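We call the chains A, B and C, going by the order they appear; numbering starts again at 1 in every chain.
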Amino acid sequence: MTENTKLIQGRTGAWEIVMGLEIHAQVASNAKLFSGAAVGFGAGPNEQVSLIDAGFPGMLPTLNKYCVEQAVKSGLGLRAQINLKSQFDRKNYFYPDLPTGYQISQLYHPIVGEGVVEVEAEDGSFFNVGIERLHLEQDAGKLIHDLSPTESYVDLNRAGTALMEIVSRPDIRTPEEAVAYVKKIRTILIYLGTCDGDMEKGNLRADVNVSVCREGNYDRFKETGDFSFLGTRCEIKNVNSFRFISQAIQYEARRQIEILEDGGSIIQETRLYDATVGETRSMRSKEEAQDYRYFPDPDLLPLVLEQAWINEIKASLPELPDDKRRRFMSEYGLSQYDAGVLISEQAKAEYFEAAAKGRDAKLVSNWVTNEVSARLAADSKDFSDNPLPAAHVAQLVELIETNVISSKIAKEVFDHVWNGEGSPAEVVEKHGLKQVTDTGAIEKAVDEIIAANPDKAAAVAEKPQAIGWFVGQVMKATGGKANPAAVNDILKAKLGL
Amino acid sequence: MTDLTKLTLADAVDGLKAKTFSSEELTQAFLTNIEAANPTLNAYIELTADKALGQARASDARLAKGEGGALEGAPLGVKDLFCTEGVQTTAASNMLRGFVPPYESTVTANLWRDGAVMLGKLNMDEFAMGSANETSAFGPVKNPWKAKGSNAELTPGGSSGGSASAVASDLCLAATASDTGGSIRQPAAFTGTVGIKPTYGRASRFGMVAFASSLDQAGPITKTVKDAALLLKSMCSFDAKDSTSLDVPTPDWTQSVGQSVKGLRIGVPAEYLIDGMSEEIKALWEQGVAWLKAAGCEIVEISLPHTKYALPTYYIVAPAEASSNLARYDGMRFGHRAEDFSSLDDLYAASRAEGFGKEVQRRLTIGAYVLSAGFYDAYYVKALKVRRRIAEDFDNVWGKVDAILTPSTPSAAFAIGDKQIDPLTMYLNDVFTVTTNLAGLPGISVPAGLNSEGLPLGLQVIGKALDEATVFQVAGALEDAAGYVAKPDRWW
Amino acid sequence: MAIDAATVRKVAHLARIKTPEDRLEPLAQELNGILQWIEQLDEVDVQGVEPMTSNVSQPLRLRDDVVTDGDKVADVLSNAPKSADGFFVVPKVVE
């Protein structure tokens, strides 16, 4: 039973964690959701701000078509319902990073409705996470606290940037599942090109709703749909790395269990994960209940989409990760694991396919997921800025396949190629790494070794595995270039095996 | 030479084109009038004399070359709700005292495109919330009209009281105004001027300080129906910067003024005959019906059954939208910031308490309440449903009538301070006008006569959406029939 | 649904309008008067009626994703009560 791994033992019994995630993904657009100011990173303070973003009197929003298209695309990628009619609502609250005093969002009628995402767990099994909705909304500005001891500085460059908020059902049960889910969403969005997924820049971040309940209550909730079986949830805001997501959840679940086991109760609140101490803490010190007074934005009319446009977008969708994984398995005969590793990054998958054409796909996959990935990681690069042409990997594998070089020598060849010494064929030529298939040369080496080690040669007759020692010696003598199969054959003949 | 300031907008434009007088002369005449009158009438918050004379000279140069737009050289007043680049825009609120927009509203930009001259910014109720111009942080505007034998100072109505008072007292040829529940038509009725609120979406809201976004519309206050047609055409345009702007051509409505109304079907809604309506208003309405009948109209009795619910609906929808629209006035990026505060929350609350007047605070509080958790459905959603009922009332009669005739207001102008005791009494001023805001329809107020005290009264013509043409046609006929020429005696 | 002083305090806080304690009760009465009057809407049968959020029945227009605005720090800060180094400056915000 996989269920057991989802339990946390407390002092008074077993608990289950239940989580729903809200992922905020910044739309990779040129301009903001409701203004023509640029979206970007690294501009000077308030340089990417229009008077609309700054909420000046009489300023009005107009909707960016590209952002709508990206939301639709993302919805299709999440296999979700696209709503032909949606509406923007205002979420009212006061904060210095919110210039108009309201955030334009979509509460009552989101652009994307229900969907489902298939996520691969660490053990290779799959679990489904229900998507409740995806809606478009504005990001807020940024407060800078360290420029003055007594004042905060406000930069509105980010204010008004388009975000897609993807809200999941409470279908996530462990910190690992939460991380796998966020990774999956991130991969899908990157595949679609709707969000660059850059978590360091905050372009993708998650709010995690965590609650705990007694063992078995989650199943009861699933059967009945009755939320009272679940515990009171706390929302951990803006967690922006996979590691922090996992840590924050673990801390928060423990915290809640301890409170409940001490006879206390959980207060529904917003919490912040402080990575420096590894703890979550309450964001709002006061008792103040948030009352956002959502209502339809009277400056914006209902957003009406035409089915024909959605069909067009659908037709233009790239192959999605799930489909690619299935195709890699059927078309290239790869294992689920290998295919999964390759498709986890779109550029990696493309790289693999470029190298695998006409080659031994399993071999190409190994080279891509092992050597190439390791070198890139060591150089802090990824497949999108990979300096090594896929053709080089293809050639390298071809050289192995055609017995020009051995797998062992291939590693050496790869080193040279990675260092920019040319194509694998050039490297083999230049360094004389061609495999020795000339049986005469091999026979000569074999004869010499047998002659020098008569006792060992005699022992092989009784213990055939000992041939390995001879293979090693021959390879050593030929500088590793001897064709291992030929060495084996000749040794067997000469040793009378 | 005749007093240039008494000219109608249309006549002034013709005179300028004919070079009978220059824009500079005309502008100077108005500036002189304003300087003399404004300390008493308080119609202008700010006079932009230098800008006006500069624009006037530029207009004269264009006119000399035989060039120029439809309003070339015509000095106008601008309600202080329209953002004007480089010129203080306050919405008559302490919150925005000293606020200088680095941008121009689309409506005023259209006027300057057509060659108009800006004399200054006109007083109004704070954030357009009021019906007597008493909520202005710059003091009340006075009506140039006084009741016969009385020295009591009267309100010009609101919220476009400055616009109405300035037009009635010849402090500008015409003025821009705005109407959320009756803020153009009620002051027009109180001052013997013409005011039209066009179909929602005709005039861009870009750069106009928002009160209630789904109801706000700009429109002119003028001396004649033809002037209204002329100025409205210039104010209206399709504007991609306003998502609610209608992408439709703006007709030349001056062509409709003076056209025969023979055969037009005029609806008279039973529900506008409200309890306690004065005999004078009733008589005026009957007179209007008689005039149109005489002009060849067919009079049709109609029913708009949800009329009585329009005001309470309005007093949910407008404050709700306002509570959100005015959230941006927090003293963080512009506007008033309190000096004494104990926390960030306190800074917000103190800045807003100091910056907003009492009526604005009252409406923001109501607005926050009707949107708050637990009341949203009971109040706000309910009001939006009733709003649809009110709009459907109109839809249901358009097959039978071409326009509707009603009184503009339930009374003539009242004394300043008269209705301050109870906000509800004040709210009743909009009872006849607010329905068209809720339904998005055009409505015009035309001066139709004087009451027994010698104060002007107005009749309202309501038309179908985008059918301002018929509204102007009927309004022109009423203006003709009424032969209204009265002007207030100068006491200021 | 009568409003009491506590409700006025809560709503005034939501609207961020500082209201002295002695104003709460009179305000409550005033608002009650207005709300009572508003409650006549309960007489209207709105069964099955779609809420009317706008007078405009056209769908929302969409604009192209081009940068047409921004790069106007001076304008953005031109009316700021306090600014420094291109930023708006506000009292210390504690998160």
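Keep in mind that, in the parts below, a contact is a pair of C-beta atoms (placed from the backbone, for glycine too) under 8 Å apart; a residue touches a chain by one contact, two chains touch by 3 or more.
Because the structure is a prediction, the values reported are computed rather than measured.
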Chain ID, smallest distance between chain and overall C-alpha centroids: C
Reference chain C; chain at largest CA-centroid distance: A
Chain A and chain B, separation of their C-alpha mean positions in angstrom: 58
Inter-chain centre distance, chain A versus chain C - centres from mean C-alpha coordinates, in Å: 40
Chain centre separation in whole Å, for chain C relative to chain B (CA means): 23
Residue list for chain B, restricted to those that touch at least two other chains: 99, 102-103, 214, 240, 243-244, 323, 327, 330, 332-334, 344-345, 348, 368, 372
Residues of chain A whose C-beta touches two or more other chains: 51, 54, 62-63, 94, 96, 154, 291, 293, 298, 300-301
Touching two or more other chains - residue numbers and ranges from chain C: 13-14, 16, 53-54, 56, 58, 60-61, 63, 72, 75-76, 82, 88, 90-93
Residue ranges of chain C touching chain A (in the complex, touch as defined): 13-14, 16, 53-54, 56, 58-73, 75-77, 82, 84-93, 95
Complex contact set, residues of chain A against chain C: 29-31, 35-38, 44-54, 62-68, 87, 94, 96, 143-145, 147-156, 272, 283, 288, 291, 293, 296, 298, 300-304
Partner chain B, residues of chain C touching it in the complex: 1, 3, 7-8, 11-19, 27, 30-31, 33-35, 37-44, 46, 49-56, 58, 60-61, 63, 72, 75-76, 78-82, 88, 90-94
Chain A residues within the chain B interface of the complex: 51, 54-63, 90, 92, 94, 96, 99-102, 154, 291, 293-295, 298-301
Interfacial residue positions of chain B with respect to chain A in the complex: 82-83, 89, 91, 96, 99, 101-103, 105, 205-210, 212-214, 240-244, 320-321, 323-324, 326-328, 330, 332-334, 344-345, 348, 368, 371-373, 376, 380
